[in-house]
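You will see chain A twice below: alongside chain B first, and alongside chain C after that.
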Partner chain A sequence: MNFALAAVLLPLLAAVLALCWRRQAARLVWLSTLFSLLLALAALWQVVTFGPASMQLGGWQTGLAIRWQLNELSALLLLMTALIHSLVASYSLSQWRDAGLSADFWPLSALLQSALSSLFLSVDLFNWYVTLELLGLAAVALVLLSGKKALQAAMRYLLLSLAASLCYLLGVALLYGHYGWLDVPQLAVAISEEPVDHRLALWLITAGLMLKAALWPLHVWLPAAHAAAPAPVSALLSALVVKGPLFMLYMIWSQLAGPELAVTGSWLFLLTGSMALVVGGWSALRTPYAKVMVAYSTVAQLGYGLLALGLMLHLTDPAFTQALFIFVLAHALAKTSTFLAVGEMQLRLGGKRLSTFRGASQTMPLAMFAVAVAGGSLIGLPPSGGFVAKWQLLLPLWQHSQLWWLLPVILAGTLLSAAYIFRLVVLAFNRAKPVRPDFAPALLPQWLALLPALLVWMLAFASGSLLSWLGG
Partner chain B sequence: MSGDFWFDALLGLLLLLLALATILARQLAAAVMLYVVFGLMLALAWARLGAADLALAEAAIGAGLTGALLFSALARQPKSLAPAQGAGRVERLPALLLCSAISAVLGWTLWQLPLQPQHSQLPAALEQLGSSGTEHLVTAVLLNFRAWDTLLELLVLLLALLGTRLVAAPEPAALQHWPLARQWSKRLLPLLVLVAFFVLWRGATAPGGAFQAGALLAAALVVLRLNGQLPALRFDFWWVRALILAGVLAFLLAGLLSLWLNWQPEQAAQWLRWPLPLAKGLILLIELSATLAIGLTLTLLVVGERKELGA
Partner chain C sequence: MSLVHWYLLIAAGLWGIGCYGLIRGPELLRRIIALNLMGAAVFLVMVTLAARTDPADGVLHALVLTGLVVAVSATAFALALVARTLSESA
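So, the complex of A and B:
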């Protein structure tokens, strides 16, 4: 637990120091992300060696205090947060002078990391609300770093995010008003002891979280906001920020919904997940802009998360929990790589449209390789992390013939993601009239964009331990 | 029918009327003024319900601060106080439907609300009040039992300021300094500062606390700034940043100090656990720094970083 606590506090301290001492902000925050990566690794090691731990903040009894829970799942998500942040920080440090990234990026991203780490550790409904607010405001401020052109997207994001927060808060207030517990495991006990009709509260919470996580059909704000932001910010938003509410949805539905309500809820998640896969993939295929395509790909990919969540609730099979979180990890890595590489190529080739990437395999081979490799995981090619997640999703599905209609949906989603990735790759191999870079591409940022893509392909080697950690 | 009943009924009716008037007002400035009055009446309603802390917060933040923020936004509008552009019938219909749906859900919720909660944390909280370092329950919850939430809330305020700075807002129309206003703000300042610190100090035993005190302090600073009686406050000044971060810094330092004091090598660390003899002092230190930080943050949110006026 000590390591996890340090992994939350270190970025917080770094953010405060970076605001005071602005000249060293970049280096301070970069160092803090590296150290918090080590701390998160140590926290995972601690959990695996000594078992799960929990901490009552302030040392008060459960009920008065906010509780943090460190288990394999939260340790893995903590590690994911620290890893993506350190990758993105390294990338930003390597090219921020070229990209004109504002110095405000550093304290904001450090605050984002601290808020997200705290969210993954907490099991308290109200503390989750505060971390959600923090997450939303940090994300909006980060989108605003793009300047005036991002203003409208950021404003829309802010307003919808606030509406979602209020929706969530109303649900929490209803639950707290009746049961008097904010601690999720305790609340689960209280609900199972004296079940009342708490559907309304749960639906309100679900609507709020689905809006925050940009799950179809509440995804309308995501493509504009993620595409308008600077590349490192888009990577953080797509890879991490939407995963926070998804994690909360998983925690709340798996613990607070009774068996009957869980089946009802599972239909919602299965249907919206299927729609997200198809509609998101179709929109990604149709858009002429590169970053909008990657952003729509996030909408589509979150459909797999929804499907895994729905199946877990429907069939109560732990294999789907594993699928959900391996998907979360794989998508985080793959999307970081895609956004960083696409951002880097846009910067050097000078254009937002997909047609800018003509001949990119010749002019910027490393970045293009990163997109293709990460795309392989998004499609689900073996042996990438995306493949492991999809395999874990499909394997138990064969045994449940009543949900056969999910197979063509997943197939359609896979084909659509293959189509939009190949659309980009085919353009990049069109070497007849390549778009020349505006200035010589630097190698280091391209390598840093490639790194997460390589990591996601190596995820398959770690899948044995991942499956056993997430098995519980 | 007692006088209390009539008072409450009148208050409820007034709230409804004020809400309607705010929505239907044709001039934005009038809508904002009505909204401020609505906030004050709402504070009165909270006070009638026995929630003095909420009443103070509503009056200071809901009515005062939000009103000031709305006025500051109005002052930055390109055309000064143009009447609100009336939306057509077609645009109004979805909004009406959405609002009716929300009202229906809220009404149904209210109907469903149980009168007696199944379980309450109140007895446990009252039992632990003695060892929390403060005598007022709300302060104990905010700064001891759930101090982590409060620390994060301070960060939310900080993020609001950081985000607002990134929006290049237009400069507000130049103001003329009215001599009467300048005199008035001079007379008001000591009173506001006094009340702010009284509210802060009282927070240990009775309703009050850092947020309300910070809002009062901000009111004093905003009035001075708008009358051109205060030098420019800019985020680029190191002392402004230090004061804005004071609340978070004090919180973190107090947390690290108690981490060090409570340190036992064989046990897991206890974050934000104030050692009992120091609890009152630490809470007061945090509240004082948070008041200054909140005051300055809110001031910057309202008046922004504009250049010297009238000079």
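So, the complex of A and C:
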């Protein structure tokens, strides 16, 4: 638990220091992300060796204290947060002066990491509200770093995000009114002992979280906000920020919904997940702008998360929990790589449209390779992480024939993601009239953009231990 | 109808007005005020729920206090953003 606590506090400290000492902000935050990666690894090692741990913040008794819990799942998510942050920070450090990224990026991204890490560790409804607000405000401020062109998207993001938090808070207040607990494990016990009708509270919480996680049909704010942000910010937002509310949705529905309500909720998640896959994929295929395409791909990919969540609630099979979180890990790595590489190519080739990428396989082969490799995981080609997640989703589904209609939906989603990735790849291999880079592409940022894509392909080799850690 | 129900009804009304203002818009300031109304509704629910017992539930009061701090900072941020939008468009 000590290591996990340090992994939350270190970025917070770095954020404050970076604000005071702006000249060294970049190096400070970069170092803090590397150290927090080590701390998160140590926390995972601690859980695997000594078992799960929990602590009551401030040493108050249960009911008054905020409980933080470190188990295999939260340790893995903590590690994912630290890993993505260190990758993105390394990339930004290598090119932020070229890209004209504001120095405010560093304290804000450290704050984002701290907020997200505490979200993954916490199991307290109100503490989740506070971390959600921190996450939302930091994310909006990060989008604003793009300047004037991002104002409208950021404003819309802020208003919807605040409305979503209020929805969530009202639900929490009603739940507390019913049972008198904010601590999730205690609340779960109270609900199983004397169930009261708490549907309204749960639906309010769900609506708020679905809006925050940009789950179809509440995704309207995401493409504009993620596309308007600078490339490293888009990577953080798409890879990490939307996963926080998704994790909360999983925790709340798996622990606080009774068996009957869980089946009702599962239909909502199955239907919205299917729609997200198809509609998001279709929009990604139709847009003329590169970053909007990647952002819509996030909307579509979150559909797999929703399907896994819905299936877990519907069939109560732990295999779907494994599928959900392997998908979360794989998508985080693949999307980081895609956004960083696409951002790097936009910067050097000078254009927002997909047509800018004509001949990119010749002019910027490394970055294009990163997009193609990460795209392979988004499509679900073996042996990438995306493939493992999809396999884990399909294998148990095969045995439950009453949900056969999900198979064509998943197939359509896969074909659509293959289509939008290949649309980019085909353009890149059109070498007849390549778009010339404005200035010589630097190699280091391209390698750093490729790194997460290589990691996601290596995820398959670690899938044995991943599955055993997520087995519960 | 008990006093608790009465206050909950007022909170529901405030929430409804806030939602309407937020969706209807279109001025940004109006939307921010609508969000604050929704916040007031949530805090009213919390204070009402706290008042059901004697002495009143301290946890809910603490939540309202924290919620107010969050709401004030979020509103300040939103207003700064509006100011920026206006100065950019002028």
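In the analysis below, the second predicted complex is superposed on the first by the 472 of 472 C-alpha atoms of A that agree within 3 Å, B and C clash if a C-alpha of one lies under 4 Å from a C-alpha of the other, contacts with A are read in each partner's own complex, and residues count from 1 in each chain.
Methods note: a contact is a pair of C-beta atoms (placed from the backbone, for glycine too) under 8 Å apart; a residue touches a chain by one contact, two chains touch by 3 or more.
Since we're looking at a predicted model, the values are computed, not measured.
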| item | value |
| --- | --- |
| Contacts of A:162 with chain B and chain C, given as first, second, both or neither | second |
| Touching partner for A:282 - first (chain B), second (chain C), both, neither | neither |
| Partner, of chain C and chain B, that touches more residues belonging to chain A | B |
| First, second, both or neither for A:133, with chain B first and chain C second | both |
| First, second, both or neither for A:55, with chain B first and chain C second | first |
| Touched partner set for A:19, first chain B, second chain C, both or neither | first |
| Contacts of A:174 with chain B and chain C, given as first, second, both or neither | both |
| Common interface residues of chain A - those touching chain B in one complex and chain C in the other | 63-64, 126, 130, 133, 137, 140-141, 144, 148, 151, 170, 174, 177, 180 |
| Residue ranges of chain C in contact with chain A within the complex | 15, 22, 28, 31-32, 35, 38-39, 41-42, 45-46, 49, 57, 59-60, 63, 66-67, 70, 73-74, 77-78, 81-82, 84-85, 88 |
| List of chain A residues in touch with chain C within their complex | 63-64, 126, 129-130, 133, 137, 140-141, 144, 148, 151-152, 154-155, 158-159, 162-163, 166, 169-170, 173-174, 176-177, 180, 182 |
| Contact set on chain B toward chain A in their complex | 105, 108-109, 112-114, 117-121, 124-125, 128, 144-149, 152-153, 155-156, 158-160, 162-163, 165-168, 238, 241-242, 245, 248-249, 252, 255, 268-274 |
| Residues of chain A defined as touching chain B within the complex | 1-2, 5, 9, 12-13, 16, 19-20, 53, 55, 57-61, 63-66, 102, 104, 107-108, 111, 115, 118, 126-127, 130-131, 133-134, 137-138, 140-141, 144-145, 147-148, 151, 170, 174, 177-181, 190, 194, 196-197, 200, 204 |
